[in-house]
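Structure provided below as structure tokens; questions to follow.
For clarity, chains are labelled A, B, C and D in written order, and residue numbers in each chain start from 1.
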């Protein structure tokens, strides 16, 4: 498996578990979460980056070796997302940007239309753009054509821990789009992360499921193991599902002989 | 997690992945499967133990440090299962016995009634008895009362790779029975093994899913990771599932300030 | 469809929706529920039959043209079930008996072992025996051999409205047993009743889902429609499920011509 | 239920089952399908309307009392859809139009972006526009704002009979959008149509599931019953789903008294 790396924006990633930095009971947990999860990509809301405050600045809690993936949460349209992205770059957060454009205040579902517009603008400006989106093959193809480096379909609404409820649509995106597919939002348990990877997702992003666990640090490690398990199974090739049973051991004749 | 051991028959097990020894393209794969899976318990059909043949004797392929769990496959009733179990002990296979009593030739579903009878007899004879059974709370309580060391409900018919189709019934067994519950049969993918462990199963037994994988040795490792992931998540406590979304990052006001 | 009748105990039934008589806000609803559901078989707990009380006696609320199916709820073992069944017959409740033997006080799961014993005794006494059971092919075969007129596997624990959670096991019973299979317990919505019928169940028994609905009488009718829909679909033969799409209308060339 | 009508484009519909006209073994089946399904809305591919041919002209097989819903199948972008819609109107097919814009040749998934453009243009021209779309709350809101009379999210790819695989996303559309939601594509069995209606869908459109059934005419009737069942259950209010069982009949004490 030494060569199984995921390349996004020219960076080779060994870990296929991306994590968030919000919702933890204390920011001081973040370095431990990063360590135990093995995550190399950490997303952080640009709004939560306060360069003037040591305690409040999320960046102080994220190990330097991580790839920072600032996100535009709080943006309600493409224009706001673009402004936040540029701000992130100006603040020294690098050139990765996860686009979140959300105006639905109940389910927090992404706005594919505005997200596409922001993707187009930011990709042209040289950002490594990862749009968070409602799963939709044709819109994902447009994201790709607009220059997205990967696409991030949701498994279920943000923060619900409901799991991979959009499997049918995500699987088609995986099969039909020549870009990394990163399942983002909704994954609530390690088994669900493994399932996404078994389907062929390139990575998963997990935040709430870790932050809401009884023991967030152990849960981070559990997700790391599950993502590796799912990836390894995908590469190994899962066996066929059959309707009829087949005995693991031969059935007849033993005692009769 | 150093103290998270599973004790069955007085033996402390660190690995919660039990494996089978049948269906491999070559028996010579078995030592590698054991190694990569980290399995400590290996089941082998007594009928496949031929002490007179070096090449055919399954025991020669199972590392000595493993706990051997002979199974009574081929038995169609309690009497045959009892005879096979005694034969196994006489052959030096130890005192563990997985009871399989199967007369259904299409789906290979276990016969709980005969299995219970065999469990009672063999437990009295000092065997460490692990009955393979159709998931059923009340029959499992009887297995326990008859002296079973653990119970092994099926997730789906043997060899189907269908997954944890009996989740509702298995979960109740886990919650209500003070014995280790080992999900045996049907599990087809690492994500499904993780799911069983997240529910609180004590272990899972996997054979077909590994043997039928494109790369069986890698799949064995994938299952090991998934079982650990699921167990770790169970111990860490999974977060609540919610109907409504919650933003990982705060929603309002950022650019407006 | 004029000839599609279900025969149990020598009685030809046109309706495949059996209903319960418990849990209603008022017993006076029962005649309306029977009418709107079209049910011909109604189960009633023998313990709730009080021949001395007009208001309390459930029998007064069940139309005379219905087949009464007294049940042994309250029985914790075979002996109690047998006593209750005999009592029912002595009270003039006819010779049908639904055997419920339950000692699990949390999930109210049936005890297949004791149920089998009661089935054997009561079938010999000439009862039309319908055992309520945990889904299990081999135990169901034993129920059949003991003289059961039909078997009633649960879809989920009583009163949960969880739906057909045991589909995998029930489907096998349908395919392998030459007795009517009546899915009893757990069905919460008409769609789930339809699903059971599409699988080939002979009938379903619904109580909680109707009694707990906002409008129980309308829900009774909804279940009647759904059971008919599912039965009709089973007889008509459902189309194949495919992985790839097929256009309902041809795709190419129209405007290009 | 006398007042439970669905109003689209000013027309009051009693039937909530829309049907297609393609894929039948013979067009002569269509009048029977309409009759047995009770469908009032029938979609027909404009490309299949040949006014010069009596045998080939689909319109000759659709009863006059039906609302004709021509569809733009074959359109690969908004412009083509608009041209087909105008052609339909010129041919006397009325002012309803189901917009299908599909350029994905494998899964035949709709193109929400182009569909939105066509919706906007055609709504302004006075068409009653029903866009077929990938389920997506925010795009559906845009369809509404562009003048759609209803939105038609898919349950699964066209022609697969896979069922309501997008339930999570469709349910949110139902809850959040003040337009009729008509589930179109993927529904393979009556139980799945009932499920969509129980969720609160306003109607379902079924074609392949009827056309691919062993007996298409009976299946049409089965769907009609199931749609009514699901609608009735939705209006009646389904009971709560619970984790723990509740006995339909009281548990204790009967024989002990």
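Convention: a contact is a pair of C-beta atoms (placed from the backbone, for glycine too) under 8 Å apart; a residue touches a chain by one contact, two chains touch by 3 or more.
These are the chains along with the protein names UniProt gives them: A, B, C, D = Thiazole synthase.
What you see is a predicted model; the values in this text were computed from it and never measured.
A.B. asks: With over half of the numbers shared counting as same, classify the chain C/chain D interface as same or different.
C.D. replies: Mostly the same residues.
A.B. asks: Can you give the whole-Å distance between the Cα centres of chain C and chain D?
C.D. replies: Spacing between the chain centres: roughly 32 Å.
A.B. asks: Let me have the rounded angstrom distance from the C-alpha centre of chain A over to the C-alpha centre of chain C, please.
C.D. replies: 45
A.B. asks: Would you mind listing the residues of chain D that make contact with two or more other chains?
C.D. replies: Only 106-107, 109, 157, 162 qualify.
A.B. asks: Using the definition of touching given at the top, classify the network of chains in this structure as line, ring, star, complete or other.
C.D. replies: ring
A.B. asks: So which chains actually touch one another? I want all the pairs, not just one.
C.D. replies: So the chains that touch one another pair up as A-B, A-D, B-C, C-D.
A.B. asks: Enumerate the contact residues on chain D facing chain C in the complex.
C.D. replies: 1, 20, 22-23, 45-48, 71, 73-75, 80, 83-84, 102, 105-109, 157-162, 188-192, 194-195, 198, 207-209, 211-216, 218-219, 221-226, 228-230, 232-233, 235-255
A.B. asks: Please name which positions on chain A make contact with chain D in the complex.
C.D. replies: Listed in rising order, the residues of chain A that touch chain D are 103-104, 106-107, 109-113, 116, 134-139, 142, 156-157, 162, 165-169, 172, 176.
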